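Working notes for the structure below.
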Amino acid sequence: MSKPVRARDFGLSCGNLQPGSRNSICDVPGVQVGHKTLVTGDIRTGVTAILPHPGNLYRDKPVAAVHVINGFGKSIGFVQVEELGVIETPILLTNTLSVGTCATALVRHAITGNPDIGRETATVNPVVLECNDGWLNDIQALAVSEDDAREALKSAAPDFAVGAVGAGCGMSTFGFKGGIGTSSRRIMLDGTEFHLGALVLSNFGRSGDLRLPDGRVVESLTPISTHPEKGSIIIVVATDIPLNDRQLKRVIRRSGVGLARLGAFWGHGSGDIALGFTTANRVRHDEGASLISQRALNENRIDALFEPMADITQEAVLDALIAADPTTGRDGHFRPSLRDAIDRSPLS
Amino acid sequence: MSKPVRARDFGLSCGNLQPGSRNSICDVPGVQVGHKTLVTGDIRTGVTAILPHPGNLYRDKPVAAVHVINGFGKSIGFVQVEELGVIETPILLTNTLSVGTCATALVRHAITGNPDIGRETATVNPVVLECNDGWLNDIQALAVSEDDAREALKSAAPDFAVGAVGAGCGMSTFGFKGGIGTSSRRIMLDGTEFHLGALVLSNFGRSGDLRLPDGRVVESLTPISTHPEKGSIIIVVATDIPLNDRQLKRVIRRSGVGLARLGAFWGHGSGDIALGFTTANRVRHDEGASLISQRALNENRIDALFEPMADITQEAVLDALIAADPTTGRDGHFRPSLRDAIDRSPLS
Amino acid sequence: MSKPVRARDFGLSCGNLQPGSRNSICDVPGVQVGHKTLVTGDIRTGVTAILPHPGNLYRDKPVAAVHVINGFGKSIGFVQVEELGVIETPILLTNTLSVGTCATALVRHAITGNPDIGRETATVNPVVLECNDGWLNDIQALAVSEDDAREALKSAAPDFAVGAVGAGCGMSTFGFKGGIGTSSRRIMLDGTEFHLGALVLSNFGRSGDLRLPDGRVVESLTPISTHPEKGSIIIVVATDIPLNDRQLKRVIRRSGVGLARLGAFWGHGSGDIALGFTTANRVRHDEGASLISQRALNENRIDALFEPMADITQEAVLDALIAADPTTGRDGHFRPSLRDAIDRSPLS
Amino acid sequence: MSKPVRARDFGLSCGNLQPGSRNSICDVPGVQVGHKTLVTGDIRTGVTAILPHPGNLYRDKPVAAVHVINGFGKSIGFVQVEELGVIETPILLTNTLSVGTCATALVRHAITGNPDIGRETATVNPVVLECNDGWLNDIQALAVSEDDAREALKSAAPDFAVGAVGAGCGMSTFGFKGGIGTSSRRIMLDGTEFHLGALVLSNFGRSGDLRLPDGRVVESLTPISTHPEKGSIIIVVATDIPLNDRQLKRVIRRSGVGLARLGAFWGHGSGDIALGFTTANRVRHDEGASLISQRALNENRIDALFEPMADITQEAVLDALIAADPTTGRDGHFRPSLRDAIDRSPLS
């Protein structure tokens, strides 16, 4: 994999805090990301998998939370995350109409690793989030298979491609080619360095509304759409800071700030949804003790996460826009790259 | 289809209000229910389909609401119902691990009827709810296919079987064989007769906890389980009373009262979830006007729906228990029928 | 204070679990309750104070949660409890129109103990809950003063009166005299004994709907009302089991089961609201560390709290009904005592 | 009252849509605003009253909704607004510790106009929202009296002062003097002109974070605070567009976009809360019919409200900042005016 072009290569950074060494969700130790990209005929779609930790997620469930900025979306798994505050499978991202297939793939994946599911123990709650790539992709083809989901899971690694890859293959943002982007920040607490990272599946924003961190409005090379803000954006958030699920929900809610800074107003037809987890608090499926111990953040320090949460959401979207190559898809539909629209002097 | 045995045939009725002519969710005009039942080898599962009205649901969306009594569940479709207050597909019920397959079947069903989905117009939000039938069914087999879901949809009619059929084939309740049950009440408003109806997929309750309307505690013929309350119950509610989505949510919340009367305390491992719709308020997908008119209930009269909501939930569960035949399933697991456990003199 | 008559003196107990030594919310170590009762002319009202622990609540905030069963209510303080998962003042109960006065009293009480409030540190979130005692009390008189609230706070002790006292002075339940009741259960976890206790301000239920634990329906001596279910019920829950705020919310939600067993269906006009706290998890206002440690319950054991939560809600209401003396109030309005309506052979 | 200085006088406007003739919440016909300002010794506080319509609000309740952006706040009245989707009193804004007093004032005000409250009919749900003005105001003095609240109510009119007046007297924003600001937009639907208006009580934002619509960062003349983002902001939203309560909630949620554009990230200690109402849908307290008719917006057109909602929130805050005079308060604490910090050529 060649070194991807990133937002910072084009001088686009958000806020004053320091990114992690990869400036990626995988700066949170243990997090891995994999893609399966489908490009053939009118198909421009795929699957992206996020593994919160390398162990058995069903046995060792990360504390998690969801936040719905605007609920025009078709995700699966949220009812149980709200009730129990944990996830127990990898997170899959895909196109809107492939959620069912990816959920089934996660079920089979969980059974393979835990043959007692649905027999001696409970069932499993697959978590799949989605955006509508129907502009560039023939979404009616339901091109994603369970095998594709499995390949995305298998390919997960700490280094991963950004841009028009995986679930991001057919996505659009502010009239440009969108897709997968990521960013992270270092956070010092009591002398220890932690990370907060985000990965976005970016597919939102009206053409003409994009605003760069320096205030520049960048119009797409395509004519400004008279269509409403559609699409969606999924923000997956990881941290190694110990948070309880309520704190995590407060943190990921600030992803909406990042979207607003970019020029979005969380349009009616946009499923803007955040899901976060911490690797530092886990719930054991087979816990033997009645009482357990967990760490949490001193709530008075939570602004230390709120501000970078806005920053990494904003920067991860720009990262997707910069990384994504111009793409022609279904019926000759075309999305240009932001790279070709901004004045630039790439720094590397 | 022979006339099914019903709860009232065994003297089990709840509350003092009058049921509709079928004592069924289909007393709400236009509502239809279909089943596909799978019984082979260790498979005891299926699909149940509820059609809110006979027209194109995507074009003519019933106002709807969801309420989570206890969120240990894996339903799909709730994020958008919460945001927009409508459903736009039939409702499918199935086993926990088949939600993905049924969601995909609903997607294809919607595309067939609306070829502009994901192209010229938005995508579609499939609604699938589930219970875990893993005690009687080899749930790991993922036996439900998209074709099975389609057959359930096709077989929908105003008269339908109750008991161990469709999604209810492998379900258990209070140590007895559970499954599909239904009940309804007539409600007079301003001189017009309306209906409130419920259909349950009943799979909850600890053995030994069941309490009949007359106060009798009925122990299962099987030994009292030391296992926690597991399973789940799905309550689908229909009415032809015009309600807005907030009112509908208030109404279906009272399903929890019916469960409590039966002896349940909404156990940790039980996904107790209600979904309601009204056929009297619909949102047109292609609405041309900017302002629309809708009717609603005078909120001061809403107790007229709260009380029967509790009654029909309670009675629909008893209906499932009375209708369900004793069943042997996976690995010889057996569930007796409530019919064989209570003193009885069937009335018909 | 003479030994109060309790529900168990009349053979009314709920469930099979063992109560604490007082069968009271004060079986949770450190919890104290005080009353100020106002009976003069047409005034039948008062204030009840619950102190979660004897220390400075603003400096040492108990983890807390609220749950709204039916939100026809005027409580104050819930927005912040939902956001932060703690309370930081005592809890006051009073009549609906006196919430403002009691909130101001709590503010002054907090400032007295914490002179830095609103100056060097944040403000304070008073928590006041209410029911409408307008049938027996001249509620328009706004008879409760800040001094009354302070007296309730000062009188708090581990032993307290139940029945028609404090905020319960003018309340009604199922056509009988209602008021303050309490109950508790012992819960063994990992070899240690804990407690779950509830105190109710009971003012709900239609005349004729009350159902005793043995199934008997007890009609009020007054004619059955044709009025809708009005009033309200407040359920305050305490425990010394370490729970996080999400778990606490799950537990107190089961208070609705107890209400349903009593014959209620959570009527439209009834503000049915639960607030819970644990003394075993506290958040320090002046916490110095960035990361803190908290204990929580193994979620798989939470049914051990769900079942007693239903039991103590049910029994606390019966406790209020048995303890309350028959009362004549405003305009000669009368409420009989349940004691005089049931067949009885008091056990003590 | 002299013509107030407004944000647009300093070239500060947000978005491209046309404001109403007053550029004020009172462009929504029938809405009136009044203030009582308290300036004496160390007291810098007050009350602001918003009257949704000139009639009897208890008898004719506007459909309403609340949205909590960040719940570090002490408002009263939200539980019932969430349940029933209406307000039934004027809205009062004041300092954090005076909520109780203002709630009591609203109760008495409602009883005066409706002598059946708490006797022949239900009680009343006062709605009071607040910010912490403790930096400039001696908030511990609890200086606001019921009479002050009544005076604010009595002084309500379609033209009202902005800046350091009423509840805004002692507020701060981004290190500048904050207070009351307002803005509105015209919205054409089906050939009819409607309005969406906001009034803010602005008291949020860290010094140094303010960003003007043209991208300029304006640092306060005071040194940048190392203190966390504190304070709060209340956004009251009015419209004459018929919306149901769910739609209204969706609309007012976009106020968070406006805050983000200004440079805020919804800090931990900031109670950022929105309350909206429509004058075009009302619920009659004494409704006789069982079924009522209400108009609503075609949901597909709701972006026509989302975008101006962000704009008017942003502009109303700037309006407060421009209108507010520099203020010295408690202990000599000083807040400069934004007017004195920006390059300017006032347009009028």
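A, B, C and D label the chains in the order they appear, each numbered from 1.
Simple rule for what comes next: a residue touches a chain if its C-beta (ideal position, glycine included) is under 8 Å from a C-beta of that chain, and two chains touch if they have at least 3 such contacts.
This is a predicted model, so every value here is computed, not measured.
Chemist: Could you work out which chain's C-alpha centre is the most distant one from the centre of chain A?
Modeler: The most distant chain relative to chain A turns out to be C.
Chemist: Report, in degrees rounded to the nearest 5, the angle of the rotation taking chain C onto chain D when the C-alpha atoms are fitted.
Modeler: In short, 180 degrees.
Chemist: How far is the middle of chain A from the middle of chain D, if each middle is the mean of its Cα atoms, in Å?
Modeler: Chain centres of chain A and chain D, defined by C-alpha means, are spaced 35 Å apart.
Chemist: Chain B to chain D: how many Å between their CA centres?
Modeler: About 44 Å, centre to centre.
Chemist: Quick check on chain D: which residues sit in contact with 2+ other chains?
Modeler: 70, 83-84, 250, 269, 299-300
Chemist: Chain D touches which residues of chain C in the complex?
Modeler: 68, 70-80, 82-84, 96-97, 99-105, 107-108, 111, 115, 117-119, 122-126, 132, 134, 139-140, 142, 230, 269, 271, 273
Chemist: Could you please specify the touching residues of chain A with respect to chain D in the complex?
Modeler: 70, 214-215, 228-229, 250, 253-254, 256-257, 260-261, 264-269, 299-300, 302-303, 306-307, 309-310
Chemist: Along chain C, where are the residues that touch chain A in the complex?
Modeler: Residues in contact with chain A: 83-85, 189-190, 241-242, 244-246, 250, 283, 287, 289-301.
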